[in-house]
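Take a look at the structures below.
Two complexes, one shared chain (chain A), two partners (chain B, chain C).
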Partner chain A sequence: GQEFRFGPCRVEGVVLQELWEAFWDMKDVVQAQDNVTSVRLLRKEILQNVSEAESCYFIHSLLKFYLNTIFKNYHAKAVKFRILRSFSTLANNFAVIMSKLRPRQENEMFSISENARRRFLLFQGAFKQLDREAALTKAFGEMDILLTWMQKFYQ
Partner chain B sequence: DGAAVLPAPQNLSVQSTNMKHVLTWSPVMVPEETVYYSVEYQGEYESLYMSHIWIPSSWCSPTAGPECDITDDITATVPYSLRVRATLGSQTSAWSTLKHPFNRNSTILTPPGMEVTKDGFHLVIKLEDLGPQFEFFVAYWRREPGAKEHIKMVRPGGIPMHLETMDPGATYCVKARTFVKAIGRYSAFSQAECVKVQGESLPL
Partner chain C sequence: IAEDNSDLLQHVKFQSSNFENILTWDSRPDSSPDTIYSVQYKKYGEREWLAKEGCQQITRKSCNLTVETGNLTELYYARVTAIDAGGRSATKRTDRFSSLQHTTIKPPDVTCIPKMRSIQMIVHPSYTPIRTGNGHLLTLEDIFQDLLFYRLELHINDTYQMHLVGKKREFEFIGLTPDTEFLGTTVIFVPTWSKESAPYMCRVKTLPDLTWT
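Presenting the complex of A and B:
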């Protein structure tokens, strides 16, 4: 069966197609709320050329931010827009993935983890530059960009 | 104001087989009346971070029968909390919550149904269609001493699949099991089914 392989980190028990279907169900509603069309948080330069070794650190940081900041603060909108089902599918599957990621902490991995951290800080920095609600809406709407990037590691 | 005068549904439980999950409960009996029920669920994320948020079930908000197919609601391999309440006109019962959260990795996986046929000298198998979550591992061999077992992964079920071109006079056997990627589990193998090919068996 297929699994996520973020470098040394393996994640089974998540069906990527279920995540895509959940996002497609809410995509129009969510992205219609994003009025700041000139800005992209998950920019190309952040996501391109992520090495296998870096990928576990990077996805761990991203999913942690999505679960602890974006999903946690977006749920009122999810109720309002009646997209709780999709919201729940994505949140719970992201939680499964995160719970199975074990980024290595050895010293020799420091430079790799630092690269991943810099990428994440670029994303977080762009998020913080926007108005809070606009940033939440944009980040939630950019989950297709995130899923597309994750798909490369689904084998 | 619809105060909770109806008794809450009791004996909630989930029966799950081959990734089909059904929540059942004891019906609330009111003579000559139809009682309706509403089902709601919470994934682990909601129960940890937003425990006040409950999501109406896809098919059972409301429903008349004392059961609910929650398969489409369970979309992650995490514990799900489930609750049910009864409604009769303006009367509403309290919520009854499933005692132990349900996780789809506890589903019962049965050996798959299969049809093994011959199409001339071709060994063909048709497996039970169990839905997109299922892959099938098919083992087949020629019945003779020291026979080598071949394995093929088949997906999806429900479509005839060519396994092997058989030798005249030989007997071939097949068995299969399922694999569910979302929970990383296999079923047991089915009973082996064998077919014999007409004609003289070729000298080895």
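Presenting the complex of A and C:
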């Protein structure tokens, strides 16, 4: 079967197509709430040229943020917009992926993990610049950008 | 009191097939026929809306934005402004558009070659309007690479079909009866993106066995 290979980090048992279909089920509802069309959080320069070695650190930070900040605070909206099934499918799969990621902590990996951290901080910085609710809505609506990036590591 | 001009503009959306991206819209049947439309577009994340040349003050209800929305790593918006003869106007925006996510796949072009006891099926590359830096047209195979498969079926009779699936473009159904008609179907599918084309169909007859005549 297929698996995610974020550098040394391998994640099996997740079917990317199911994540896509969960997102597509709610995409128009979610993205229609985001009227700040002039701001993109997961900008190209943040996602571009991520090395294999860096990718495990980077995806770990992103998924942790998505689970602890975005999903956690978007739940009430998910109920309101009746998209709880898609919401849960994505949240559960993200939790599975994160639980299987083991970013290495050795000293020689410090510069690589720092690169990944700088990328994540660019994303988080853009998130913090927006009004809280607008930022949550935008980040949630940008999961297709995240999934498109993750797809490169799905083999 | 805000004027309700929604009759001027409805269903502003992208229709995308093999990465040809057409913006379409409607107006209510009873709206005035001399309404004019102007199209703008932009990348998601950018501030400025750009006017689409060739789609300014037009009366038709479609606009080809393939070139303007051709970067596969970008997402886009488009919007239409309608103005009727009475000076009433309305502007409506599309949903966020990604051609990678939204495009549908057209049936492939296939050459079906009957032989005496087999049928060869050669799938031709599916070209898109997207050009590389040096001007070459990209094919679906270029874009989706190892995510793209072909699935072929040969209908032997009402209850029995033969199946072949693969990434290469030449297939052969073997062990067939001479001088018999078969229906072959071929689809392109990209499972990870949940995309599947309608089938290309060919009806062919294996050659007669002339050895003993």
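Everything below uses one rule, namely that the second predicted complex is superposed on the first by the 155 of 155 C-alpha atoms of A that agree within 3 Å, B and C clash if a C-alpha of one lies under 4 Å from a C-alpha of the other, contacts with A are read in each partner's own complex, and residues count from 1 in each chain.
Convention: a residue touches a chain if its C-beta (ideal position, glycine included) is under 8 Å from a C-beta of that chain, and two chains touch if they have at least 3 such contacts.
The model shown is predicted, which means the values in this text are computed figures rather than measured ones.
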| item | value |
| --- | --- |
| Clash or fit, chain B versus chain C on superposed chain A | fit |
| Partner chain(s) touched by A:65 [first = chain B, second = chain C, both, neither] | neither |
| Which superposed partner A:17 touches (first chain B, second chain C, both, neither) | both |
| Which of chain B and chain C A:84 touches, first, second, both or neither | first |
| First, second, both or neither for A:92, with chain B first and chain C second | first |
| Which superposed partner A:75 touches (first chain B, second chain C, both, neither) | first |
| Computed vertex angle (chain A) for partners chain B and chain C, CA, steps of 10° | 70 |
| First, second, both or neither for A:151, with chain B first and chain C second | second |
| Overlay on chain A, chain C to chain B nearest C-alpha distance, Å | 5 |
| Intersection of chain A interface sets (partners chain B, chain C) | 17 |
| Residue ranges of chain A in contact with chain B within the complex | 1-2, 12-15, 17-18, 22, 67, 71-72, 75, 79, 84-85, 88-89, 91-96 |
| Complex contact set, residues of chain A against chain C | 16-17, 20-21, 24, 27-28, 31-32, 34, 37-40, 43-44, 141, 144-145, 148, 151, 154 |
| Touch list for chain C against partner chain A, complex | 42, 44-47, 73-75, 77, 93, 95-96, 98, 100-101, 191-194 |
| Chain B residues touching chain A - in the complex, by the definition given at the top | 42-46, 49-50, 53, 55, 58, 73, 75-78, 105, 132-133, 135, 179, 181-184 |
